[in-house]
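The structure follows.
Each chain gets a letter, A, B, C and D, in the order it is written, and its residues are counted from 1.
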Amino acid sequence: MTTLEKRPTAAPDWSAAPTPDSPEAWLARAREVRAILASDAAARDKAAETPYAEVALLKDAGLVTLLGPTAEGGGGQEWPLAYKVVREVAAGDGSVGQLLGYHYLWFWAARLVGTEEQIAAVEADATRNRWFFGGAVNPRDSDVQIRDEGDHIVYSGRKSFSTGSKVSDVTVLEGVLTGTDTHVFAIVPSDQPGITFHDDWDNIGQRLTESGSVTIADVQVPWEAAAGFVDRTFQPRVYNTLNVPTIQLVFVNFYLGIARGALEEAIEYTRTRTRPWLHGGQERAVDEPYQLDLYGDLASKLWAVEALADQVAEEGLAIHHDAAGVTEQQRGEHEVRVAAVKARATDVSLEITSTVFEGLGARATAAALGFDRFWRNVRTHTLHDPVAYKRREVGAFLLRDELPEPTWYS
Amino acid sequence: MTTLEKRPTAAPDWSAAPTPDSPEAWLARAREVRAILASDAAARDKAAETPYAEVALLKDAGLVTLLGPTAEGGGGQEWPLAYKVVREVAAGDGSVGQLLGYHYLWFWAARLVGTEEQIAAVEADATRNRWFFGGAVNPRDSDVQIRDEGDHIVYSGRKSFSTGSKVSDVTVLEGVLTGTDTHVFAIVPSDQPGITFHDDWDNIGQRLTESGSVTIADVQVPWEAAAGFVDRTFQPRVYNTLNVPTIQLVFVNFYLGIARGALEEAIEYTRTRTRPWLHGGQERAVDEPYQLDLYGDLASKLWAVEALADQVAEEGLAIHHDAAGVTEQQRGEHEVRVAAVKARATDVSLEITSTVFEGLGARATAAALGFDRFWRNVRTHTLHDPVAYKRREVGAFLLRDELPEPTWYS
Amino acid sequence: MTTLEKRPTAAPDWSAAPTPDSPEAWLARAREVRAILASDAAARDKAAETPYAEVALLKDAGLVTLLGPTAEGGGGQEWPLAYKVVREVAAGDGSVGQLLGYHYLWFWAARLVGTEEQIAAVEADATRNRWFFGGAVNPRDSDVQIRDEGDHIVYSGRKSFSTGSKVSDVTVLEGVLTGTDTHVFAIVPSDQPGITFHDDWDNIGQRLTESGSVTIADVQVPWEAAAGFVDRTFQPRVYNTLNVPTIQLVFVNFYLGIARGALEEAIEYTRTRTRPWLHGGQERAVDEPYQLDLYGDLASKLWAVEALADQVAEEGLAIHHDAAGVTEQQRGEHEVRVAAVKARATDVSLEITSTVFEGLGARATAAALGFDRFWRNVRTHTLHDPVAYKRREVGAFLLRDELPEPTWYS
Amino acid sequence: MTTLEKRPTAAPDWSAAPTPDSPEAWLARAREVRAILASDAAARDKAAETPYAEVALLKDAGLVTLLGPTAEGGGGQEWPLAYKVVREVAAGDGSVGQLLGYHYLWFWAARLVGTEEQIAAVEADATRNRWFFGGAVNPRDSDVQIRDEGDHIVYSGRKSFSTGSKVSDVTVLEGVLTGTDTHVFAIVPSDQPGITFHDDWDNIGQRLTESGSVTIADVQVPWEAAAGFVDRTFQPRVYNTLNVPTIQLVFVNFYLGIARGALEEAIEYTRTRTRPWLHGGQERAVDEPYQLDLYGDLASKLWAVEALADQVAEEGLAIHHDAAGVTEQQRGEHEVRVAAVKARATDVSLEITSTVFEGLGARATAAALGFDRFWRNVRTHTLHDPVAYKRREVGAFLLRDELPEPTWYS
């Protein structure tokens, strides 16, 4: 019996439901998924089981193909909606929100670095087959080497982190051609003898993201599947480097989703279960002046960062719409804005997930309620790269007209 | 010789220029006005002269008729743009930004409470004649009484605050029909024997807003000019009560404009004049890690609140587009969102205007530079009503489903 | 094999060592205890075993009799040192710091409410026998009733929380004489048939404090052991009500200890294990400007609250030295100061325990390191009573000359 | 007629009163001075008159000789009390608090760098004659050169800042022996032809400190008055470098004094003049929950930093008591602690002086009340050196065991 089967809130049978055909309808679908996930998120956090059922839920709900072509049954939607969907799902379960967000990025990898033919083929296959994407990328550790064997290339090595790959259908693999600085990305089946997951992700937060290490042993990829290579040569363009702002906005949105989850669950608890203070003279917790102040303050802070996240996503959309023409200046200014919202989302999601306890009250620290998972989740992932460098990126642009240098990693 | 004539940056002759015909063009126009105002804002703050020249500048630039009908030569634009224009102007001079924002609200007063005929007449007259509006409203002090003399009504009393009225063409007058709870608004010429300005606004900030007290002595208004009255009876509808969220968004936007003015002037100064720290090992201030961190942090915070201000303005627009149908629930939820952005704009504009000094350095405290005016300006007006009650409004909605009660004042 | 026996850092044999005879020597002893506790605190947090070994450690080190009379082998020390000892122990293990702090308060209970004879007897017995004290008090829930049976009284009921009682030798019991408002405190053996611990403390923090519920069934106490009763009548004096400021300062000090533990362990980790940022150009984490800024900021904040905690403890000492003469005004002003330091300790310990992660970096989120326990610990106990009411107490004193009303609970 | 003569609160005739003979009595004296200064501080801030009368007040009250030997009529007190006196005076008038604090440092200059004979002579003369000290030091600008003319040395050049010198009896002069790195300090009469004050201190805060620039033209000093020189050679010891922590603690204490002045004047105003919010349902401002929260929060923050300032002053006293033996390690660790309290005092004094307005309400922005001066005062002087470097000093000590390098300037 899977975790999903035991869920208090069961998933509907979406196979009979029409595919959502508007952003609003997709958001409604995402909220259904959120509610299902929220109903046992605390228990699953504790259990830390591999989230097969949760990925199945994302597939059943149609969310994994949100960005896929409608001709193949995809949603045909754009990034701003994808980010909002990530936010909703993360409000229900931070780990699953992260898995979905990373999936969208890997799904988009072909667009970022692939040729026109590769893009078309990947999107069709991925959409038709509802592939869930994982990644073994993290180019911070250059420890996957690639041998060139003529018709094909062969990946071997180890990645410290491979978010979602274990529960995925396909994995975006990254390595360096031995003796060069050339990174090659390719999409490979996740379930193959050359890929071994070490199940060693045991961290204080985002516990269900299957972000453990992976060994790659002689994984063979035909040269024609090397993303963006034509005649074994990569033709760079600015759009290739959109990976960082695009995934950083994924981060932002699941942080905000987790914060919203914390805030809304806390509000519900305070309305129904928190007691007024013994000596305060109020009969209901919701009449305590400090409660009104606290929730008003936290919600205001969240709303501001959400608004910036939405605005920056729209700015990014203009770039995605002009993948061929985007300039370094445009890309750089966009990354600066992304850095800003990353900094704000980090601060505000940490503040909210820690401070809601003052609204909840002492009894809400019972381990069974699991209210600490929100803070543990944002605290864990917001360390992906130092937030101080995000503020610095913004400052360097304002004081020195400096654009962030594109990298493969944050 | 007026202050304007002495300006380092002279106003162009806009009478020959085409009226801007897009939001972008209007914003460009507003930025021209901002630059002119910024060039001597510190000196004018010190002098605290009556801003006749500045109001003339707003008229010359066409900004006063931004919301007026195009048929009469107005811009035909909407509130979201008006707010952004207020923000730009306030970045140049906080007082003038406030004057313009209040003008927009008083210009809109007919729409809020008037009959269809009154709206049409006021908008045509105001646009054709480029009226600048002031107000003697502030219903916190019920100290203007109205006598009903049959065909006309007669206002007498005193208002503690009458922002902009002294430099205006027309004033929105408010009073209470003696012996009743009925407030009556009317638009009257500002320059008339019955209206006496006491020039007693000498406050630490927003010094040029002419917000002093005024005495109203037997100002006569025909009944047909009593806004919204038909057969001497006012027909209330929800839209009448949009005054508070609409003016509160004006507040938000000039706070944000002042903050942006402070931030951008500080950046310019730090780039060109601030010295690196003696013992820090940097050759330029812009290479100091603390400078990069500081400006990156402040800009990120500002951008988030600006984004929320924009988003809430769009939400308000939907209500303005449906003045006849807006429900109490819609109005209330909008006011909650406005309260949230007010709370954030207050905190962030205070933080920015105080903290930029750490980027500026000690020499920037010279009185001649006047960098303290930004903080004095936001500190003064953000006390208009207690920000704590804004957080409380948001909290009461979230915890108790409570909608803010409409009032005539904040 | 107990947890203690497995400890990486073994406890020395203090039985041969001389009893510390100065505050400095006691603090050195407390630091030894801290080091022992810290060496496996993360593992014990996860295991959540009953802390028998840890209480034994506190006894072996002589800390439990710190406040006891030297004539009986106690340390003869005062509260300001006791608070500092709590801080040191809490730096090693927040739960054990809380247990020790509560012990000091219960040890002191006789002084607060007892007669001269009771005080002398309890202090002698407790010191000679190295009693560890627990409590089943929490008068928030008036759910222990007392029957008067002539020579003795009989307690029956249930307490939701009974910190440390399960691992204690004696328990301070509290109840209400049925049909009256009279609270009666008495010290009873913890291990007796009428006291049943339910082992239901499973919370996100302070996991080893054994704070679960307890059932009291017909626990008999002779009238002469009813603390402070003479001829079955309680003679109140102001000093009885010192329980709240005294225990609140205990809280403050273990919050500060936990914060210091987090900060110092983080510093050690950053010095030895944290990597510099990939793209930052530094070779060591300790050269990152953001690291210097972060730790400098957090340490400064901690030091300020520690200094206030020390100052307020000295203020309290003057009251303890004048138990017979303390006035309501003196007591009230002291409680106001305690409220202030409680508010600061709450904010700062939460900030430090959450923010040190930015110095630690992503890999420090590994569950095995358990760095989240510091935040979970302070987050849990700082909800004991709403911190908002502490700020309010301070404000009411300053604005209204109002003294906090003494209560049995916070 | 001087400003002093017009004062609403007149100075008593202290010449007949006994010299205070305990710290408590000195603090009571300082509070009398504070009350006199506070009574017209807002008016004097506006007038920006040269503070001759205020310096006379400090002399009349005996505060200028607080640190002088009792044998000569001085108070014979220590630095911790001097800091508290600075705090009290600054609470009444930030500028005068700064003048007094700088005076104490210059008075102490002989102790820091002089020979035993010089120390004895200076302290006797200064105390007997109630000298008020100014300084033309600021070694950031090495622009005063010294010619060696055999028996005497001759100072010529310019100092950008010379706090208090214009209103002083004697000035501590600093320069560099031409062609060397040797700084020479000497005490010279302030009123002499070679010293010209340019009266160019016109800054937004600390307006009465007479911190303008000064020209030094051929000011002659006998070699035997060159502080610390024996046979024209300076014998360095660690204690010479105590200037920075000693003056930085002066800064800390007048920041805290200004913050306390702001807080206490605001409390008084709120108790007596602030109105409750129109729609809040309270009859008195002091019953507003937000008011209680606000003042409780601000006072708690202030108290914590005051406590740290007191604690660090005591730590410094141990060094002053061992001037001959202080090591670099002791000095360095003290400066780290001073840096920490400087960082906290900066943040908290800015927060308090800006935020009290939310308790005061809108009408308190009247220029005549001058409530903005508190913020302007701390905002101005807290830029003396970048506070970011204070946090960095603390961080570098914790992460790298690094001691701050002694300098002549901050």
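The rule we apply is simple: a residue touches a chain if its C-beta (ideal position, glycine included) is under 8 Å from a C-beta of that chain, and two chains touch if they have at least 3 such contacts.
Treat the numbers as computed from the prediction; the structure is a model and nothing was measured.
Q: Check C-D, B-D or B-C against A-C and flag the pair whose interface repeats it, over half of the contact pairs matching by residue number.
A: B-D
Q: Decide which interface, B-D or A-D, involves more C-beta pairs in contact, and give its chain pair.
A: B-D
Q: Could you pull out the chain whose C-alpha mean position is farthest off from that of subunit D?
A: Relative to subunit D, the chain whose C-alpha centre sits farthest away is A.
Q: Quick one: report the Å distance separating subunit B from subunit D, using the average Cα coordinate of each chain.
A: Each chain reduced to its C-alpha mean, subunit B and subunit D end up 42 Å apart.
Q: If you average the CA atoms of subunit A and of subunit D, how many Å lie between those two points?
A: 54
Q: Quick check on subunit B: which residues sit in contact with 2+ other chains?
A: Subunit B, residues with two or more chain partners: 289-290, 293-294, 388, 392.
Q: Considering only the defined contacts, which subunit D positions touch subunit B in the complex?
A: 140, 202-205, 277-280, 288-290, 293-294, 350, 354, 357-358, 360-362, 364-368, 370-372, 375-376, 379-380, 383-389, 392, 405, 407, 409
Q: List the residues on subunit D that touch subunit A in their complex, please.
A: Counting only subunit D, the residues touching subunit A are 289-290, 293.
Q: Which of the residues in subunit D end up touching subunit C in this complex?
A: Interface residues on the subunit D side: 267, 270-271, 286-287, 289, 291-297, 299-301, 303-308, 310-311, 337, 339-341, 343-344, 388, 390-396, 398-400.
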